[in-house]
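Next, two complexes with chain A in common: one pairs it with chain B, the other with chain C.
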Partner chain A sequence: MRLEIGKINITDIRFAENSKIENGVLFVNPEDLKPVVLEDEKLKDVVFEIAKPGESVRITPVKDVIEPRVKVEGKGGIFPGMISKVDTVGSGKTLALKGMAVVTAGKIVGFQEGIIDMSGPGADYTPFSKTINLCMVCEPVEDLKQHDYEKAVRMAGFRVAAKIGELARDIKPDETDVFETCGIKEGIEKYPDLPRVGYVSMLQTQGLLHDTYVYGVDAKKIIPTIISPTEAMDGAIVSGNCVSACDKNPTYVHQNNPVIEDLFAQHGKTINFVCQIITNENVYLADKERSSNMTAKLCRMLDLDGVIVTQEGFGNPDTDLIMNCKKIEAEGVKTVIVTDEYAGRDGKSQSLADADPAADAVVTGGNANEVIILPKLDKVIGMLDYVNLIAGASDKTLREDGSLEVELQVITGATNEMGFGKLSAR
Partner chain B sequence: MDYTILTNNPKVNEKFGDSHRVSFYDVPAESILSIAADMIDSGCVLLNHPLYGSVKPNETPYKSLLLKKKAGTYTWDAVSSDESRELINKAITAYNKFTHKKEDTSHDLLLDYQVVDLSLLASAAEAADE
Partner chain C sequence: MAKYKVVHYINQFFAGIGGEEKADIPAELYKGEVIGPGTAFAAGFGDEAEIIATIVCGDSYFNENIDKAKAEILGWVKDLAPDLFIAGPAFNAGRYGVACGTIASAVAEELGIKAMTGMYVENPGADMYKDKVYILETKDSAAGMRDAVKKMTAFALKYVKGEKIGASSQEGYMNNGVRVNFFEEERGSKRAVNMLLAKLADKPFTTEYPMPDFDRVAPNPAVKDMAHATIALVTSGGIVVKGNPDHIESSSASKYGEYSLAGVTDLDENTFETAHGGYDPVYANQDADRVLPVDVLRDLEKEGVIGKLHEKFYATVGNGTAVASAKKYGAEIGQKLKADGVDAVILTST
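After this line comes the complex of A and B, so read on.
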């Protein structure tokens, strides 16, 4: 499958009468976007705000981050199975608005997480302090249940991102990247001497507020399967996960998965990037056994020489990570696992909830328990009401001078387990 | 239903009390892990992972586990008693690691924790009932 991603660099976002993109500037009229959000009767109101890198702005509680795109050639649309027909994506041409993101925020449950600081020390830890963010804070109707609210905000974010992406339909991209996968036989013939490498991507699927969707399907209901990595790049996988800000994979990270991009960069040079295998992180132990068995079997059937395994979350998913690693290695396929650590505030505790000697090649995204002081910022988008309650915070988080004492856990993307951030550990 | 739901979450008791075998204890989450350890020692196995959820162990006061008697003829267990015990031990270690406990337990927040715990438990029970 051959996918072209045309990049349109967005250098500024401004509110204006007419929504359009001109010379890299996104002009947007919130009144054009409001109906797109409020067509869901579960949402009562929405407020749009713009947050730019370097501004004294804190966005919280962040739910998802999404890159606006438009599909201009080839099958399918934006976020197939969610807001477009379930055509197979991953080929043709898609235009992406680079340098910006749609950020959804709102109180879904009391401890729902996520802080993005646009300046100060916190900004260094989140990749989304470098994007110009169009933030949407959604207010639900009275007495809306948490899972309905989550779904409403999730879907509204996708619709807004698609609506903005549509503005780019006729714009010539600043640059275009091409990603191409081959069929199994074609790959063997084309690259007979290169090691066959796959990517095992573990999707968060534990339950309410911990879900991921593949072509609209709740991934806890799947058995592991093979997809073309270009499908993931083209919006086939989206996040429904609200929790664990530091190591969750927002939709933006699925769209811009750095493991896939790096594997493609080496494809045909040092490796033959064969495919992506998607699996889940269910809470039911028999599901864990089944999914890890299937994943290891697929690696063997595809005659892979090595795989990179990434996870999402902490605790329960560590068990899936180690099961995958152990069973894949037992099939004679080398693994590198990508994770983060909960090694205590002093960094001295056991990092993962599970371990095995087979896990001898590990990339870490950093220690999520590390403490950081976030100074008071001038403006809050969203609300600080819940900041004491999010994971990695405590009753002492909001200090008298308005600063926050928190663990890195609270910062969206700080210890991302696809290596989307810059953090590691010594 | 050949399993028991062990929980300290009143919402789980409310939802599953009539249809399932529920052992409800009004005790901290750590104590639920200890009770589960005792049940495993007397011949049960775990059906769900004790560190479910990305809600960190030092925050949610709730814990709900599915346990069943060890397999008999023509039945099977996903994990053995020994493996179940190991999972519980690791969970207890994880709980002890998170010493920085949260004091804030407002009514609304507790209800939110109950809802999420119920959802994660229901996800496991649904798989068990299939």
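After this line comes the complex of A and C, so read on.
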């Protein structure tokens, strides 16, 4: 499959009467976007705000981060199975608004959302301090349960991102990247001497607000399968979860999956990038066994020589990670796993909830328990009401001077397990 | 600004006294003297630090009279009250490495003075002491002196000034089991691809997280007489008295709570809730028995299946909580349950 991603660099976002994109500036009228959010009767109100890199702004509680895009050629639409029909995506041409993101926020579960600081020490840890963010703080109708609120905000974020992406339909991209995978037989003929490499992505599916969707299907209910990596790049996988902010994979990271990008960079040179295998992280042992068995079997059936396995979340999914690694290695397929660590605030504890000698090649996104002081910033987009309760905070988090004492865990994307950032630990 | 004060420990060989034939010389204190490799350290310290004394001890003497030698040296160091104690570098000299590790860790632990040493990674002293003091990695012989002194001097100055010590891979000390964050040059995905390419080509690569020996606990044998057993409930699912009076954190719990079940037959939404930040709390908050099955145990108590339900339960939040903390809470809770005569425990998670 051949996918072209046309990049339109957005250098500023401004509120204006007419929504449009001109010379790299996104002009947006919140009144155009409001109905898109409030078409869901579960949401009572929404406030749009703009946060720019370097500003003294803290966004919290952050739910998801989404890159606005528009599909201009080829099958399918934006977020197939979610807000577009389920046509297979991953081929044709998609335009992406680079340098910006839609950030959804709200007090959804209180403790399972994150913090994005646009400046200060916290900004170093989140990739989204470098994007210009159009933030939408969504207020639910009264007595809405958390899972209904989550779904409403999730879907509203996708609709807004698509609405903004649509503004780019006729814009000429600043640059275009082309990604192309080949069929199994074609790949073997084309690259007979290159090692066959796959990418195993473990999707967060612990349930109860810990879900990921593939073409609209709750990934909890899938049996591991193969997709073209261009499908993931084209919006086939979206985040639907509220887990610790540091190592959840926002939709933005699925759209810009760094492992896929870096494997494509080697494709046809040092490796033959064969496919992406998607699997889940269910909580029942039988599900864990079945999914890891299937994943290892797919690696064998595809005659892969090596795979990279990435994770989402921690604790319970560590067991899936180790099971996958052990079983894939046992099939004779060389494995590298990408994870993060919960080694305690002092860094002295065991980092993962499971371990096995087969996991001899580990890339880590750092220790999420490390404590950081986030100074008071001038403006809060969202609310600080929940800041003492979010995962990685404590009753001592909000200090007298307005600064926050928190673990890196609270920062969106800080210890990403797809290798999106540079943080690591030894 | 006053210079930082350093005391340096070396063996008979590096002091220029002699080789194996002099290895049995007792410890001696040379106040105000800079000897052997100390000269190179002093040059590296410049105006920032000075060696105020050198302690020389024969390797055989130290290892054969360990308690005596240690006590004597600690006494001197205590009186000198330096800001930093440096031993070695010992390279691959086994007895010297063990002596450096022993005395440096004793200075750190017993006197609370910053201490460090340097040696070759295969020196037996390395494995014995790398988790107790900073051990800078050196080459295997004194031919690597220049390099060792350079590394140790840079580290020593940073350490004595109280600057933030980075990860082992950045600073050059041996991995001491303490995980330290830092920013890599390349993003994680690129490092993963590079690691895979090396692994595929059978080239050497270094894992960023060596797997630990995993601690697996075998369950106790089954309880023979359930009808007379006292059963306790312990959970990592975060069930607490409504309002979370102990403020147990939603993740990375720094404590556990002890709560009474006296007179409680059923947990309901007015009295109990979850503090756990790792799952949708709706169902647990509606009916906390779903995580901590008090109602069912009360039934079993009534039916005579179990002797009784213990009148207290213990709860923490498992979400992101460090294994070391969990281990500590487990041990304490275990002691309390034992003291209260509990026969068996049902552990529930989420």
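Please note the rule applied: the second predicted complex is superposed on the first by the 426 of 426 C-alpha atoms of A that agree within 3 Å, B and C clash if a C-alpha of one lies under 4 Å from a C-alpha of the other, contacts with A are read in each partner's own complex, and residues count from 1 in each chain.
Note that a residue touches a chain if its C-beta (ideal position, glycine included) is under 8 Å from a C-beta of that chain, and two chains touch if they have at least 3 such contacts.
Remember, it's a predicted structure, so these values are computed and weren't measured experimentally.
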Tell me the contact category for A:Ala286 with respect to chain B and chain C: first, second, both or neither. first
Just to be sure I read the superposition right, which of the two partners does A:Lys220 touch: chain B = first, chain C = second, or both, or neither? first
Between chain B and chain C, the one with more contact residues on chain A is chain C
Does chain B (first) or chain C (second) touch A:Tyr342, or do both, or does neither? both
Quick one: classify A:Gln206 as touching chain B (first), chain C (second), both or neither. both
Would you sort A:Thr319 into first (chain B), second (chain C), both or neither based on which partner it touches? first
Check the residue A:Glu67 against both partner chains and state whether it touches chain B (first), chain C (second), both, or neither. neither
Which residues would you name on chain A as touching chain B in one complex and chain C in the other? 109, 111, 146-147, 206, 208-210, 243-244, 314-315, 342, 344-345, 349-350, 353-354, 389, 391-392, 394-395, 409
Which of the residues in chain C end up touching chain A in this complex? 167-170, 175, 177-193, 195-197, 199-200, 205, 207-215, 247, 249-252, 254, 277-283, 318-325
So in the complex, the part of chain A that touches chain C is made up of which residues? 109, 111-112, 124, 145-147, 195, 197, 206, 208-210, 243-244, 258-259, 261-263, 265-266, 270-271, 305-308, 310, 314-315, 334, 336, 338-339, 341-357, 359-370, 389-395, 407-409, 416-426
Flag every residue of chain B that touches chain A in the complex, lowest number first. 46-49, 51-57, 59, 78-79, 87, 90-91, 93-94, 97, 100-104, 106, 108-109, 112-113, 115-116, 119-120, 122-124, 127-128
Using the touch rule from the top, collect the residues of chain A that touch chain B in their complex. 109-111, 146-147, 204, 206-210, 220, 241, 243-244, 248, 282-289, 313-319, 342, 344-345, 349-350, 353-354, 388-389, 391-392, 394-395, 409
